[in-house]
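Before I ask anything, here is the structure I am working with.
As written, the chains take the letters A, B, C, D, E and F, and residue 1 is the first residue of each chain.
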Amino acid sequence: MEAVLLGMVLMLSIFLGFELIAKVPATLHTPLMSGANAISGITIVGALISAGAQLGTVSTVLGALAVMFATINVVGGYLVTNRMLSMFKKKETGNTGDRT
Amino acid sequence: MSIELINVWYIVAAALFVFGLKQLGSPATAVRGNLLSSVGMLLAVAATLFNAEVLTFEWIIGAAILGAIIGFVAAEKVAMTSMPEMVALFNGSGGIASLFVGWAALYNLDNSTFTYITIVLSIVIGGLTFTGSILAWGKLSEVMPSRAIVFGAQRFVNALLLVALLVCSVLFCLDPSSTSPYLYAIVGLACLFGVMAVLPIGGADMPVVISLLNSYSGLAACAAGFAIHNNILIVAGAMVGAAGIILTNIMCKAMNRSLTNVLFSGFGAAKQASKVEGEVKPINSEDASLILEAAQSVTFVPGYGMAVAQAQHVVRELGELLEQNGAEVTYAIHPVAGRMPGHMNVLLAESNVPYDQLVEMDDINPRIDNIDVAVVIGANDVVNPAARTDENSPIYGMPIINVDHARTVFVLKRSMASGFSGADNPLFFGENTRMLFGDAKASLSEVISHFK
Amino acid sequence: MQIGVPRETWPGELRVAMVPQNVKKLIQLGFSITVESGAGVAAGFADEAYAEAGAAVAADHGAVISTADVLACVRKPKAEDIEHLKSGVVSISFLDPFNEQSLVESMASQGAVAISMEMIPRSTRAQKMDALSSQANLAGYVTIIQASFHSAKILPMMMTPAGTIAPARVFIIGAGVAGLQAIATAKRLGARVEAFDTRPVVAEQVQSLGAKFVEIDLGEMGQTEQGYATELTPEQLELQREGQKAVIANADIVVTTAQLFGRPAPVIVGRDMIEGMKPGSVVIDMAVETGGNVEGSVLDEVVEINGVKVIGQGNLPSEVAKNASEMYSNNLFNLLTEFWDDESKTLNLDPEDEIISACVITRDGAVVNETIKNIYSGA
Amino acid sequence: MQIGVPRETWPGELRVAMVPQNVKKLIQLGFSITVESGAGVAAGFADEAYAEAGAAVAADHGAVISTADVLACVRKPKAEDIEHLKSGVVSISFLDPFNEQSLVESMASQGAVAISMEMIPRSTRAQKMDALSSQANLAGYVTIIQASFHSAKILPMMMTPAGTIAPARVFIIGAGVAGLQAIATAKRLGARVEAFDTRPVVAEQVQSLGAKFVEIDLGEMGQTEQGYATELTPEQLELQREGQKAVIANADIVVTTAQLFGRPAPVIVGRDMIEGMKPGSVVIDMAVETGGNVEGSVLDEVVEINGVKVIGQGNLPSEVAKNASEMYSNNLFNLLTEFWDDESKTLNLDPEDEIISACVITRDGAVVNETIKNIYSGA
Amino acid sequence: MSIELINVWYIVAAALFVFGLKQLGSPATAVRGNLLSSVGMLLAVAATLFNAEVLTFEWIIGAAILGAIIGFVAAEKVAMTSMPEMVALFNGSGGIASLFVGWAALYNLDNSTFTYITIVLSIVIGGLTFTGSILAWGKLSEVMPSRAIVFGAQRFVNALLLVALLVCSVLFCLDPSSTSPYLYAIVGLACLFGVMAVLPIGGADMPVVISLLNSYSGLAACAAGFAIHNNILIVAGAMVGAAGIILTNIMCKAMNRSLTNVLFSGFGAAKQASKVEGEVKPINSEDASLILEAAQSVTFVPGYGMAVAQAQHVVRELGELLEQNGAEVTYAIHPVAGRMPGHMNVLLAESNVPYDQLVEMDDINPRIDNIDVAVVIGANDVVNPAARTDENSPIYGMPIINVDHARTVFVLKRSMASGFSGADNPLFFGENTRMLFGDAKASLSEVISHFK
Amino acid sequence: MEAVLLGMVLMLSIFLGFELIAKVPATLHTPLMSGANAISGITIVGALISAGAQLGTVSTVLGALAVMFATINVVGGYLVTNRMLSMFKKKETGNTGDRT
């Protein structure tokens, strides 16, 4: 039953993802991509569980590796996105550097 | 913390992701959006640490600190201009993390077949995201040649790879075990496939590829979520996956390409080097508005068709919008455009186009190479390159406005019909020409309506 | 009441004070109307049209004058007609009371109620009777038509196979009613238009027509309550001439509209400035009748100075006599109906009313208008 | 090569064939140029400007004529000048070869290469030399300026406190180059514009300027390869006049531009139609020089018929002599440079070239142009 | 069918609802959207019938047939004009159905406190939706007086009701049972509250109320879903609930009201009968565009401010958009508008407004009562009703364009400043006046951008 | 755990509902309301379960009543919506009858 519920969750999430990114100005494409990339680092949650669950050394090592990579993704992703966005705040219609 | 409570926090985190993504879509709120989504991430991570299954922390802490330092340094040090390749690298780490999560999940004891399938999925998608991203980084940062790399049997090799991957996956699922040789085969094949998929794509198309890989890494997280029955992974992963697909699509449109064209044009190029000519490429008003939005210099080239359509007012309006958008806008007037001397002047003056935005043919031609988009509005003879090149053309020798030298040309007319002189116009078949068919006024109004 | 509409005799005057359309409406209200034969012909209104509208057409000028209770004219009545006027007649015209003391006084002694259309106040309520505005408006249009007629250059820009013609540069000095209409007309024809006025408030109005306002700092400036400009000091005038010099030298057409109500017009374009202009250019002096804004302009003549045509055409509204008559006639109609008492079928010219008190010059044998009285006694 | 620019002597001709701007450029190319003193004054170009541009200014008319290798004129050369021409001189002008057989023949016998600007073909390539178009374009503008100058009505609509003035109705007959520019100018001034032409293809062009095309069914119609209209049969002309009647009666301004290349213009506005118009209206006959489209129009005069002014002003481009000269001069410049051989520093008038074969009338002592030869031998 | 399989079908049904709702939002696809969503409903119902818990069918079949007949007949017979009241009735049935579902769920054996709370919620929301909808129907169909019904202590009574409802709910949850007296109290109070809430709302506001109640009935279904642990109820109910709220909000905006204003203005009216005057009601461009979109006749009244803002081109453009939208558009020109005679003519001719859309003051005034929206663009003196009414005004006696008699007036200007004459303008405080502050050109451009 | 999952489902559904009805032309307000109303008849699913579950007569009767009312809502709702919408197809810009 839980798997099915998760299916419902999946379906709703996909729709929501589609709807959210309906009309985005071109200048935001790169930051948006980067921001979404940071969110996809959510796999860190899985990594944490794997690394912490003590299912054997291999599993723990794999988990730890996963934690490291996922952390890179999360930390780097959010920071980079933030840097990109703070560029916009300064010069409002800055069309440079974000031509996609 | 009970698993229920943790999941309540996951719900909150998911809601924050939703808000975050939404707000990232508008310039005014983007910064806040990114912040919200990072808070969501923090919540999710924190809640997870209370999970009863998480017993040891040493590994975690070590790995996390290492990862955080790497991520921080990389993000802070990177030059503004090499952001896209940095995003590619981060994305690759996400992919390989999913691969590891899936792999580690094999060591769970009570996996169902369904779970094994999702494990394989997370390994495959994670793996190809990883190598694909690395390659994309390589091409963008010019560590390796950024051009499309193609070789003869590429298609065949790729097909073979896919089949092998599929077979191994099935075999693995039939007899899943953490020591199955198929597992290693799957990992290897997935990584190889990632490389092969990105190889034939040129450097200029990399942003699209990265966006697509980004979508994949979301899907990998989602698959990993199913593998370990974790809610937030599924929600966030699926959402990012879907958003990534849409975004990829938008970006393709803004580049005036289709996704398949981006992904497979390299193959095509390998086989048929010079078939491009003779093909008319129509464009719709929405895509046209996306391209105009990104342009920094736009020149309008009006002709008799603008007069017929009485489109002078919408032309000026679009011009104003583009100016507000930061573009430099000019109106290039050919001396014989229209059906009477000064025809265009009458109309553009009526619609209040400032005199200093009108430029003569001789002034625009030397700098037309630097124009991002030339918008030809119901002109035909006056932009016909045959006047330069085709001795048999009735207009051979007439100086024209060389719009074909601009980066992109839009031609707004109703059909492929010829103009006053009856001469065929090779401009319409140009590599960088897009035809926006329809009455010029209607077409421009539509373009404007997409321009919010 | 009997309205008399004589034929205008002023040289070059083509307008008529009342057009058939208004004749009809006034008769419906209870007036009766006599029109002198041929009065409207020059403006395009035949005697038959008046007859059709219900007016009596009389060949005899004297009869029109002597039977009228209301005398509707464009120009001031002739001196020799005054003695034939009925006592108590309401005489409406551009009376020019500032300069016509003897005429006004003779009208007073004849017992006429002399209404001067120039003196209609410029209040929002009186605007529909404001003939000065309605005629100035048309005059502004005419200046540009005249200028383009005489100009050796076309006004619009044209990019043609035989080269590009730059738009003509038009400079309008004085952006009152006439100046604004001149701006609008020149803009319509595609010229690049600049304008200047001593009243800083009009800068916005100039821009509202798409033209450029030339900034010249003259120090403290003002306008009267009525919206008329105050007179400049000699120093200010010098500043203005200095500031305009460059603009005039570049201009293909210069139009001056700077009139000062009741006073001679200031000279603001000197001969030196004209000589600095390109041959083939045109200068139009709208104030030529009140002394001229342009040095060397001659009433009703086109003078050529160094290849520049200086046009001193007077009575500009008369150039579009048909519309000018219609508008003047509408102003008169609005004036009459505003004060018409439908029950007693009389004109009720209440001396307390702010419009009446401003525009009625003589009444009951005396000059009653305060402004005019002051000037006459001062002079 | 020596270019001679004599002063135009045709009555009322204010244009000049070459303006200083082009003089400069031609000298850079290797020409030398002599301008007769005073040649450009009427168009606003002083002798000093020519001198500054590098031309020699000669007071002696004869010298200009006799030294020229290329003679640049607006109007055809005077008969008495022909004998003084160098043999082999290239004479460029509006030669009017259809009507000037003896002049053309004397030029032939003098050995001149006579280029007739009327005969420049109307191909897209030749458009930059097409003086007929460039001058017709300005003439179209001038018609409306003249019409509004003479009209007793203003052209734009005005809703004012003194009533609403409806926009003038303008009817343009013949929407060629001049007619289209007339439409554009009248539209600019705010008139309601209607137009008619016998060639149905121009309906769209008329609409492209925001005017209304009057539909009159004349049966089968056509145009020549060059874009000129074919002549109407008498029945068709009758149909046209019938169809136009109502439109003309309503119009405040009628402009006729219906010329037929090389033939007398058809009469399309009869006296009856003029009499049906309102007094104060204006009719402008652009074809007055080739016989007139309007019954009763007189060259260079304003005739009044029943209160309607019929204007027969000839040589309309000359009214804006400055721009007209610039454009004509540009056309000449384009013609000269198109056939200038930069190495040999000579004009290379290849008889095979389609432009040259069309516009060169005489050469090597004979009339070489096919069309003209046929007409002369036919006549 | 296993409960898992049923739930898979539920996912499909939910997806169909999503598609359906999405497509209902665009005229081109609305019909298809409705069809999709009905297929989803069919799927959901069919799958449910396979539920192992469903044992007897007699009751079900009987009730369903009866309900289907009633629904069918009602839907087919109802006149096109009384659709809204019919929707209200249907909505009421949905509400009471949720009430019953919640109630019936009390007879389940293993309910947790959380479940009891959701049961109470479904009963309360269902009940008030039911009675509220019935009342809305009554008002709309004029079975009862459609005006707002108010009495002195209304607010107090309502507050009391709410408190009672809350207390009973808490007491019930503390000791839940299907025979608890609190249960009946809750049902009764909820129904009563529905009546009380709708009573003070006037007939003209009923569509908004119905939309709101519709949102509630979704929430009721959602609550019922929690009560019986049913997936599809939660998804569909929540989605409809959210969509309903948004829709209600949009409708309020289109009526130029706020939701609180709609719900509580009745109360306000009771207490302070004539305080309306003297209040300036600003409006934003988005709401203005919604109102214009719904208008069938619009007249523009330009003044000097249009000239200052050089807004003539955008005015014409908006005019054209409105015409395409089916509205009748005119431009009413006051003879003294602007700063020179014919000022407006010059500008409107420049922007190509057709002459036959220009109407004079004397022509527009007699029919201005029937104009839906008069848009005053930078005019002031020429629309100042003080000229009619206030003997002390400097412009008393001047005929004006009586825009204050139009159904709605928008005034576009930058501030509350007076015009040329310096006279104060009571128009700005009119009941039916909305001020759209800002430069006229900028404001109109914004309005246009909202008009897609 | 399931209740929590349902919470996730709830959250996603609400967001999705908000996003779906972003910009709707005025002419569609009434049909959209009516269509949404039909969907809210989903309570029929609950009603069916209640009516069929044999938890006692009261419960069954309540369920049956619920089925009836919910059916009215569903059947009537869809049909009425369809009728409204078919009006639009005929006259494209029919601004009558749907002024909200």
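Following the convention adopted for this analysis, a residue touches a chain if its C-beta (ideal position, glycine included) is under 8 Å from a C-beta of that chain, and two chains touch if they have at least 3 such contacts.
What you are looking at is a predicted structure, and each value in this text was computed from that prediction instead of being measured.
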Query = Could you give the fewest steps needed to travel from chain C to chain F through chains in contact?
reply = 2
Request  = Chains touching chain A and chain E alike, please list them.
outcome  = B, F
Task = Could you check if the interface between copies chain A and chain F is built from the same residues on both sides, meaning over half shared, or from different ones?
result = same
Request  = Taking CA centroids for every chain, report which one is farthest away from chain E.
outcome  = D
Key: CA centroid of chain D to CA centroid of chain E, Å   = 67
Ask   = Hey, how far is the Cα centre of chain E from the one of chain F, in Å?
value = 18
Note = Separation of the C-alpha centres, chain C versus chain E, in whole Å, is 57
Request  = Check each residue of chain E and list the ones that touch at least two other chains.
outcome  = 18, 231, 235, 310, 335-336, 341-342, 346, 349-350, 352, 452
Ask   = Hey, what residues on chain F touch two or more of the other chains?
value = 1-3, 5-6, 8-9, 12-13, 15-16, 19-20, 22
Contacts with 2+ other chains: residues of chain D = 127-128, 133-134, 137, 156, 158, 160-163, 165, 188, 190, 210
Inquiry  = How do the chains pair up in terms of touching? List each pair.
reply    = A-B, A-E, A-F, B-C, B-D, B-E, B-F, C-D, C-E, D-E, E-F
Inquiry  = Looking at the complex, which residues from chain B come into contact with chain C?
reply    = 333-336, 341-342, 344-346, 349, 352, 355, 358, 360
Request  = Give every residue of chain F touching chain E within the complex, in rising order.
outcome  = 2-3, 6, 9-10, 13-18, 20-56, 58-89, 92-93, 95, 97, 99-100
Remark   = In the complex, chain A touches chain F at residues 1-2, 5-6, 8-9, 12-13, 15-16, 19-20, 22
Query = For chain E, which residues are in contact with chain F within the complex?
reply = 17-18, 20-22, 24-27, 30-31, 33-35, 37-38, 40-41, 44-45, 48-49, 51, 53-57, 59-60, 62-64, 66-68, 70-72, 74-76, 78, 80-81, 83-84, 86-87, 89-91, 93-94, 96-101, 103-109, 114, 178, 207-208, 210-211, 214-215, 217-218, 220-222, 224-247, 250-251, 254-255, 290, 293-294, 296, 325-326, 452
Remark   = So, in the complex, the side of chain D touching chain B is made of residues 123-125, 127-128, 133-134, 137, 140, 177, 180-181, 184, 187-188, 204-205, 207-210
